Amino acid sequence: MLRVTRSIHFSSSLRYWLEDLSEAENLKRFGAQARQHGHNYELEITVAGIPDPETGMVVNLTHLKAVAEKEIMARFDHRDLNADTDFFVHTPPTPENFASVVFRLLDEALPDGLLSRIRLYATPEHWVDVIREQP
Amino acid sequence: MLRVTRSIHFSSSLRYWLEDLSEAENLKRFGAQARQHGHNYELEITVAGIPDPETGMVVNLTHLKAVAEKEIMARFDHRDLNADTDFFVHTPPTPENFASVVFRLLDEALPDGLLSRIRLYATPEHWVDVIREQP
Amino acid sequence: MLRVTRSIHFSSSLRYWLEDLSEAENLKRFGAQARQHGHNYELEITVAGIPDPETGMVVNLTHLKAVAEKEIMARFDHRDLNADTDFFVHTPPTPENFASVVFRLLDEALPDGLLSRIRLYATPEHWVDVIREQP
Amino acid sequence: MLRVTRSIHFSSSLRYWLEDLSEAENLKRFGAQARQHGHNYELEITVAGIPDPETGMVVNLTHLKAVAEKEIMARFDHRDLNADTDFFVHTPPTPENFASVVFRLLDEALPDGLLSRIRLYATPEHWVDVIREQP
Amino acid sequence: MLRVTRSIHFSSSLRYWLEDLSEAENLKRFGAQARQHGHNYELEITVAGIPDPETGMVVNLTHLKAVAEKEIMARFDHRDLNADTDFFVHTPPTPENFASVVFRLLDEALPDGLLSRIRLYATPEHWVDVIREQP
Amino acid sequence: MLRVTRSIHFSSSLRYWLEDLSEAENLKRFGAQARQHGHNYELEITVAGIPDPETGMVVNLTHLKAVAEKEIMARFDHRDLNADTDFFVHTPPTPENFASVVFRLLDEALPDGLLSRIRLYATPEHWVDVIREQP
């Protein structure tokens, strides 16, 4: 089996913060993460499949980058994850939650079953993998 | 499926050396590795699961770091793997053997089934993965 | 001559934004950087000198880390550079401006002339050095 | 389960180019990749198994490096993948195709079933995994 | 003093080869480097100066990237350094020679005295710095 | 001015320990560093000069690597810095002291004035530069 991975980078602002909680409650639950901070996110996008006999590629990288540009970069790069998107109003933008959103956005935009895995680095020492369940 | 990884670093001294063998026999079997040397070990700890709806995290990182501090750092950081522990008297501290010990120590200290994998880098170009067998 | 470097990491939120300008003017001048984003900053702190004959060290790393903790981490880690500090009201937190602030804060807190250079990475591909002028 | 990985590096010249196509057709199909370029390839070789009780190792690294030297380095390092090998006459040396060749060469030279996976980095941001199908 | 650095990447094919020498003479003088190979070059471009009070930047990064695109990427990315340029007919494209060419091209295209240094990585373990002589 | 750098790696065991002090005194002065530990050292060797017109190189890398092999690798790789060398009996193998020894050994073995700088990484976050004083 072949898996091809392309990594991209973007920069976002965020805080772990639930609108339904007071400032004191957010700080108690999330500690320093409840304060506004930011990350250089590194995102690895992995697709699985058989290379096209004509091009020798599992996926056209130009197309993959266009999808990533539209679905990920345009939404999250140089944006505030809390204020500028609807994904983290009732759930905080932890790496787990953010990676789940990223996987879903890419999976819906790519051909069925092509996306195999994403890895999202919040820092070089902390990351999350979302892996497609085998059918 | 979600997998969350946190990496930590520590520094140990070691040699591949069996007490039952003579110096000549150890040097013959293990070559330069039989001489006292050391590594900056990098350890990736991966847990698998579903994020807690309240915190958005698969595991409380503060708790995970406390376990790693007690089970790994306190035992192995700035220590001699041969002289300061009981794990490598009859078997040498190869990356394979050391990683197996690390997996077992973390697995016993964490909630049942939480630990999914560890990766232990002896050098940036040589590492071992210990992966939980699927039930 | 000996130079010793220790690197630390922190995470901040920021935007290039001048209070005296309108939103349209800020966006025109600074483009995407005028939107709220964030970085995993990597800061290298370099001191120059002669090792103490007794300790073999140019600087006591525990002391250096305490200074960095108080002057840098406490001010900037998990903070918004614009909202949570006074440094970037009339000048934007470009890497150039931010690095100048960092150098000054560390230089004033360390023994006279000890600090030789700082390097501040905004991303792995974009960084600034502030170097002490030779007398 | 234990997996041991060793990485090696080599440098090759290549272009995506099919002998059956004209220059214009190759440029149309492959774009800039049809022009002669090159990579510092990084190859991770992963073997799976149980450590030998006597040596504590899944595989003798000296033997593994000798196999990699003969099968990979001698064929591809400081070579032109198109002109100096027979693998890419009718199919271009995409990372997918090149990784498939590398996996097959190593798999045939190593004990049956020992090779578990290879990862081939064309650049730090683009790589391919070839993974042995589970029986 | 402030120094700002931006790194870029490109991929080229090359061999150490002098047109005036026979194949045997080239192989004798340059060994494996006389064979066609390639690199993922990493180029760090460093400029020195005082930040513009209005923008807070030493140099407009968009302009710097446009210069690098025209002078470096268009000439060398996905190109053969020997066949596709005139720089290495009578002198081989060693990192020293290639870095000297890169420095000269950038220096001539940038405002007088702005360019302070370039660093060119042929591999992660082998690189060359070209540093402007202090007046 | 041209500077060429080649990096090498080795693995050593060490402790900060003075023979003239008791165990309690060593532990008090050096803390955890007084316990036996180890590092994957990374050493960058930088030479300065003008490329040879015939080879296009400032230094013959094969010769440089032979010097590094004899002076550094043979002495320190897979060795205990305290027990296996004479350099750290009365002074501890801090990065400062170790880097000074490495610079002196290389400088004496290389042509006069060729060595410009060494950088010795004890860990990826802690390193020392030794820089030749300008005459």
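Residue numbering begins at 1 within each chain, and the chains themselves are lettered A, B, C, D, E and F in the order written.
Everything that follows uses one rule, which is that contacts are C-beta pairs under 8 Å (C-beta built on N, C-alpha and C of every residue); 3 or more make two chains touch, one makes a residue touch a chain.
It should be emphasised that the depicted structure is a prediction, and the values quoted were computed from it without experimental measurement.
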item	value
Required minimum of steps from chain A to chain E, each step between chains that touch	2
Reference interface C-F: repeating pair among E-F, A-C or B-F with over half of contacts shared	E-F
Gap in Å, rounded to a whole number, between the CA centres of chain D and chain B	29
Residues within chain C bordering two or more other chains	124
Touching pairs among all chains present in the structure	A-B, A-C, A-D, B-D, B-F, C-E, C-F, D-E, E-F
For the chain A and chain C complex, residues of the former touching the latter	9, 11-15, 32-33, 35-40, 77-80, 83-84, 123-124
Chain A residues touching chain B - in the complex, by the definition given at the top	16, 29-30, 91-97, 99-100, 124-131, 133
Touch list for chain B against partner chain A, complex	1-8, 51, 53-58, 61
